[in-house]
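For reference, the structures are reproduced in the following blocks.
One chain, chain A, appears in both complexes that follow, with chain B as partner in the first and chain C in the second.
Coming up: the complex of A and B.
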């Protein structure tokens, strides 16, 4: 009995912190999401109302262009980001494994990963600035009029997505680099002896053997994009006119600018549900190793 | 190296060109910020990549460090006050619990573990509103204690997951021998397990420190007095009123960024191992 009680103490501090500062607020948020701002219990009607607000989903966008609403912006973000993150991470890992000095280039790419996202946002704003930014100046060489790309509805979101690729590719590159090291040399040796071309080796050996890594990269990238906040807050504040608004930012706006905790709770709960669904395969992998 | 044997000369050249391009594209943003931080605004406005006149100056760093509205120096100090305890607490608390999950057998252990791991995927938005209300009620809004506790709780699921996997891989024989000699669970944990787990603890601590240091969202919600703002909250405030003062903004960015970069440079091995903890079992 004494031993069991002593052992329970191992769990108390961690579980208490989690219960008070994570689990309770989460339950509270779900609860809030079922009520209208007037305090009426509305269950899912609240979701229908909030998710059809123009700042969340703006069907007029399909006729006139941005903004389409935070929900669609997050979808665009994911659709562009996910395949590019997988491709760039994998290709970078393979290229930088095979060249001398690859480790140095990896360290440079990795800088993005250790940069606080707020600073990332500032750097983006600077890169895309019409007066001092290098991107508009380079584009000017191709005949585009220099302008602050983050300040125009048609380019703001895409500028942020490009920036987030720059900041996030290191993560995928590091995971793929680690994955590559687990592929034994004899696999490649055998392929080379059989006369396989580098392309065939890449597509028929490297890519399939790294499939588990790809699973993790996809999940983590999805979660990262869902939660994207800092760079948007700092670089565009979701603007101009909501053209680069995203769900996490809209949640903040509802909660702390419009003082509508219920709408904020709806957006947060929606984010959580998507995040949980996306990460189910990863849980299975984590739980299935007892 | 065997892997490169199958490649022709042309393919190798292409690889090096690609590697050079990657380095260039990833370096340019940082180089730009660095150049902006060491040059006067007049030169930045003409393009930081132009060098017909080049007068390096340290003024921007001093300006950001002692900024009248929002000195970065104060922000650095504040961020340390939050990040150090918010690293020690969760790593210690989660390691203890992780050991329990790895070694003690009891009913409901695995579902409980999976529940804790599942908390890892939560977006911070999910706790924001009730957290603010709770802190408001107990008068902990705008206090570091509240922020430290939230960061600590938030860091537990990942650290616990990571440490538990590490403990599971440790050979159990040493512990069993100690147990036969009559050592208690706590003694075994602190005198045998913790010393063996120092590399893993270093990985967990490095990652947690970087996350807390880089955090913006939780600080934005809980801390608002101008004197208490953390480093990440101060950077955007350096922007200037009538025009964007890129020099000061860039210098402030570099100062705030320097801390995680130095930690990474010194602890690289541990950092990467922590990151890769996701894929390796």
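Coming up: the complex of A and C.
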């Protein structure tokens, strides 16, 4: 019993830090979201007000195009970014696994991951610039008129999503590369002896055995996209006309432009609930496998 | 013996801790000026150090970043700087909340351009100092470029449109007017100039005071009948990062560039610069910079002294470096020749406050963002105007 108490004592510093820097802010944020800036209890009124603002959801977008509101923009980001990151990371990991010089190529791909997001945002701004950007220049080779892709409402969000792929795909590539190392060689050798084609080996052996890694990649990517802020803030500031606005940026606008911490707390709480809904099943699944 | 050594050490530490024996006082000034702008500002701080013997440290923070940093710092009753350059609306707002030191009586208001201290006055007290200002006079051009192509400064709106048409036909010119883009402010400067010219200075004041709506026919017509047709005709470039736009315009990719008077300090040959306002212009934006002393400075007396210096004699040092127009009574001889010309543009027009800097807050960010949309989608002008009014409500 005494030994158990002694062990428990070692948890105290970590628990105290968690309580001060995680639990208290979370509870305070949720609490704040139920009050008006004047300090009156408002229950869900703040939620109704925030979610009904065009900055969050703009139904007119379905008639005239972007912006659709930060909520829909985040959904678009997830729908496009998530499968592409998973797919590209897996493809890079598999292709570069046994290729001569694969490690060098992987290092180059990994540069996106080690680039600070703010720097990444600035690079994106110039990558898509009509005057000096490489992307419009390449598109011009195929007959497109060069223009600054982040400056137009119909291309701004898609440009940022494309850029975020460069910044985040290395993460899934590294995880898949590590996952591939855990698959025993004899599994592949047996498949080859049985006459399985490379495609069959990929879809029937590699992909199923990497399922736990895929779970982690999907969860982490989802959470990353959900809180995406830096590159949007730096590259477009959510514009033009809110066409690339996202939830985290809208939260920033409420907090530091409107000086309305209550509205910002609403968005923060909303993001936290969505994050929990996605991550809890993953952690449960991980626990089950254990 | 050991006890004696320990006692001596304690005594030495105690003596060093006394206020008089502490490290010399050092004030921190924060502003967003970097590069050439910072180089031009440093002589001002050196002059203060020389005059008072108080050391001054300089740190660069953009106003957008300070808007995030300072509220949190102030709530924690601390400050990253002793004198901070910031938007006037921000100073006024935080003065109301008790985060700003009162500097009433530290400078003589009669020595400044009338009205220039108004944005930082509240309840008959002065909460900030006004520094030099920048005039946003209109469209800059290279005299050599105009001479080479036989172009002249327009005297009417039709001539202005005609000039844009001529510029568009010149080989190698991508668009008649380069549209600078930062976080959005260069586009707002252009728009404010159009409003001041074609709706009038009173409308600018009315929009600031929320007495006139953005959907008012007079305001809306500036967008629909002046700006949007030029944008639809391709006379403005798409928004380009403004320092890049400056380089491209200077090398001849664009014919005109709308920018503030600080441009005179950013080009290779200021003598080749010409500038004209929109024909019929009745008001020109004169945007001074403002600074304040946070309530949490360790050295309130010295910080107030520095702010008073910056607002007065500091301005004289600053204007000599070029690109700045004083709000304090500075002799004309202190200005470089090119700035005397810029200052002369103010004659016969009303000096207007910077509209978006004065309103500030979320509306300012929305203004910038909506103008970025207008610039690339002029067909959505009605939506832009409606959104500006919605944000103003």
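Miscellaneous remarks
One rule holds in what follows: the second predicted complex is superposed on the first by the 270 of 290 C-alpha atoms of A that agree within 3 Å, B and C clash if a C-alpha of one lies under 4 Å from a C-alpha of the other, contacts with A are read in each partner's own complex, and residues count from 1 in each chain.
Operating definition for what follows: contacts are C-beta pairs under 8 Å (C-beta built on N, C-alpha and C of every residue); 3 or more make two chains touch, one makes a residue touch a chain.
Since the model is a prediction, treat every value here as computed from it, not as a measurement.
In this overlay on chain A, chain B clashes with chain C.
When chain A is checked against chain B and against chain C, the one touching more of its residues turns out to be B.
Of the two partner chains placed around the shared chain by superposition, neither chain B nor chain C is touched by A:75. Once the two complexes are overlaid on the shared chain, A:118 sits against chain B while remaining clear of chain C. Of the two partner chains placed by the overlay, only chain C lies in contact with A:147; chain B stays clear of it. Applying the stated contact rule after C-alpha superposition, one finds that A:131 touches each of chain B and chain C. Judged by the touch definition given at the top, the superposed model places A:84 against neither chain B nor chain C. After overlaying the two complexes on the shared chain, residue contacts for A:51 are found with neither chain B nor chain C. By the touch criterion defined above, A:205 lies against neither chain B nor chain C after alignment on the C-alpha atoms of chain A. Of the two partner chains, chain B and chain C are each touched by A:256. Common to the chain B-facing and chain C-facing surfaces of chain A are residues 129, 131-132, 252, 256. Interface residues of chain A facing chain C in the complex, by the touch rule stated above, are 64, 125, 129-132, 147-148, 151-153, 237-243, 252-253, 256-259. Across the complex, chain A meets chain B through its residues 3-4, 6-7, 10-11, 13-15, 17-18, 20-26, 28-29, 32, 92, 95-99, 101-102, 104-105, 108-112, 114-119, 121-124, 126-127, 129, 131-132, 134, 137, 166, 171, 174-175, 178-179, 185, 188-189, 191-192, 196-198, 201, 212-213, 216, 220, 223, 226-227, 229-230, 233-234, 248, 251-252, 255-256, 261, 264-265, 267-269, 271-272, 275-276, 278-279, 283, 286-287, 289-290. Residue ranges on chain C touching chain A, taken from their complex, read 67-68, 71, 93, 181, 183-184, 238-241, 244, 248, 361-362, 364-365, 368-370, 372-377, 380, 383-384, 387.
By the touch rule above, chain B contacts chain A in their complex via residues 1-7, 11, 15-16, 18-19, 22-23, 25-30, 32-33, 36, 44-45, 47-49, 90, 93-94, 96-97, 99-100, 104, 106, 110, 113-114, 116-119, 121-134, 149-150, 152-154, 156-157, 160-161, 184-186, 189, 210, 213-214, 216-217, 220-221, 232-233, 235-236, 244, 246, 249-250, 253, 256-257, 260-261, 263-264, 271-272, 275-276, 278-281.
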